[in-house]
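So, here come the structures, one by one.
Common to both upcoming complexes is chain A, partnered first by chain B, then by chain C.
Then we have the complex of A and B:
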């Protein structure tokens, strides 16, 4: 899948906004949201929050985890653990990118938060590369990837599965030397018939 | 009175909300994008959602153009249309690519009443194959010597690679998924716990994808 499709899925997450207008409940296909009361927070899907923000009709309430202390802890934990730690959110990267992109002024310490999320991402990606390397070297055809988020999985997608496919193909072909020799014999036969 | 009313879809047997339909469609789209082979269709869901969209569009037209609600609803509809279009297009791509194989398999499945394609998709596949055949005949084969004019369809068939590796997330706990081990002839069994994520070959989990016990990611 393309990264924009992962972003599309991430946009369905629910987040809190404070509108600056009042409106009745709105009945969307994906659920009902509202009523909108100026100054009172309410939950909406991320795509709607972004849209309202772009029309300057709301302020976005940063999610609980988008906080320097929380993120600092996550980063330390991620550094300490050999495994992937559980992220506060299945789409943390998408959410951070979108919120910090359109509503950086609604998030306190936004630039520090941006840096620290990028750090966490980098630590996790380097871990992911190391474990992919180990998986390939051990020649495994199975791996468990708990706590990896969709965007992280997607970032290794063209590479890892096709490398494993190739490994599998090499194994299956090397397992059947008989068919290979059959092929060469028919080839040499046809070659000799051409000579005649 | 709000012109856009709450939507509840009542079907003959069960009542499902538009929200559930949307979720099912979204996971069907994700699976279809990531599975190597074509999956059973979800035509009822697509039809149902298209009906919803039409209903919604009629209601939006009643609202004044500048109304904020109208633009919110339009945005949501475009998002849903994107999923549906992408879903159907992905299926058509697979049908074109594995055309011969899919038609052969589908004929057998139709006998047992477990068809994967919708009637329209099946018609499309057959017409695509016919067009391809007549094109090849007109352009090349008719100009070849008589003994080379036959078109061997089964030799041309492209098969999806079911051995390919996929990422998945388990929706339910599934125990004893057998992974074939080609080298040591020792099959391995693994358990998929609810919510866990794995990378493995598509073939052992193909049925689990079709029954919705696992979700490809």
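Then we have the complex of A and C:
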């Protein structure tokens, strides 16, 4: 999948905005939103929030997790843990990129937040790489993808599943059906669970 | 494994394997380029394509005995088991894994299967680095045909992702301090 498609999926997340205009309810395929009252926060999909913001029609209320202390904690947790930690949001990268892209002035400490989110992303990506390599080396036959976000899973999609398919194919076709290959069959059964 | 319509499978079955003929074959001397005779003598060692070798061997009685290509022999297996990443698969065996799956059954000791698996596992790291490397030429060079294909697919998704990250009026970027870190700077300098 293309990153833009994932961005599209992430744009459906609900986010809080404070409009500076009043308008009736609007009816969208994904639900009805409004009525808009100037100065009163309400929930809308992210794409609508971005669009309104670009037209200077609203202020975006940054999500709870888009806070320096919260992110600092997540980053420390992510650094300490061997496994992936739970992210505050399934589409944290998409949300951060879009909100900080159009509404940086609505987020306090936006430049620090930008940096720290990128740090978290980098830590997770490098962790993903090392655990992929470890998974392959250990000969595990499956990996657990707990707490990985869609964007991260997508980045390894062309590589990992096809490599594991191939490994399986090599194991099954190269193994001789005779008893002489007993030593190799024990080898392939040692698939261990690896937290990836 | 064998797939009638797969082009790469056809190419794999066209790879040559060393064979020993077990019977005298009249008028088949042309198979052995060094033979002066019209007839092919029993005991001659000739390299013939895999598809021919397989069918000659499966006859009753078998006409040939199939030997392992040199990259699957002990000497190379030792190198592969020691460090598979140093081997230039592009030169030694374009279709290392695919051909290996076919010839593994001709290996009496049954060690080829383990080598194949081991090699694949070890070389996975090369795929990872090839997919993120800026210097694609030198990282892709030692990969076998199937590895290249996979690394290229991984690199293209990696590029799409970094393009997405870069896009927009204010892309999320790494902190200056991290970007100026010696290691990263060197990687960027090597790019040019």
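The working rule: the second predicted complex is superposed on the first by the 175 of 196 C-alpha atoms of A that agree within 3 Å, B and C clash if a C-alpha of one lies under 4 Å from a C-alpha of the other, contacts with A are read in each partner's own complex, and residues count from 1 in each chain.
Just so it is clear, contacts are C-beta pairs under 8 Å (C-beta built on N, C-alpha and C of every residue); 3 or more make two chains touch, one makes a residue touch a chain.
Here the structure is a predicted model, which means the values were calculated and not measured.
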Q. Does chain B (first) or chain C (second) touch A:27, or do both, or does neither?
A. first
(Q) Applying the document's definition of touch, where does A:81 land relative to chain B and chain C: first, second, both, or neither? (A) neither
Q.
A:157 in the overlay: touching chain B, chain C, both, or neither? Say first, second, both or neither.
A. both
Q: Go through the superposed model and pick first if A:118 touches only chain B, second if only chain C, both, or neither.
A: second
Q | Which superposed partner A:8 touches (first chain B, second chain C, both, neither) | A | first
Q: Check whether A:165 is in contact with chain B, with chain C, with both or with neither, and answer first, second, both or neither.
A: first
Q. Taking the superposition as given, does A:126 touch the first partner, chain B, the second, chain C, both, or neither?
A. neither
(Q) After the superposition on A, what does A:104 contact: first (chain B), second (chain C), both or neither? (A) second
Q. Which parts of chain A are touched by chain B and by chain C alike?
A. 157, 169, 171, 175
Q. Given the complex with chain C, which residues does chain A contribute to the contact?
A. 2-4, 7, 93, 96-97, 100-102, 104, 114-115, 117-119, 121-122, 129, 132-133, 136-137, 139, 151, 154-155, 157-159, 162-163, 166-167, 169-171, 173-176, 178, 180-181, 183-184, 187-188
Q) For chain C, which residues are in contact with chain A within the complex? A) 1, 97, 100-101, 104-105, 108-114, 116-117, 120-122, 124-125, 127-128, 131-132, 146, 150, 153-154, 156-158, 160-161, 163-165, 168-175, 178
Q.
For a test of understanding, state which residues of chain A touch chain B in their complex under the given definition.
A. 1, 5, 8-9, 11-12, 21, 23-32, 47-48, 51, 55, 57, 141-148, 150, 153, 157, 160-161, 164-165, 168-169, 171-172, 175
**Q.** chain A contact footprint on chain B (complex, rising order)
**A.** 2, 4-7, 18-19, 22, 26, 30, 33-34, 49, 52, 56, 68-69, 71-73, 75-77, 79-80, 82, 86, 161, 163-167, 179, 182-183, 188, 190, 196-201, 217
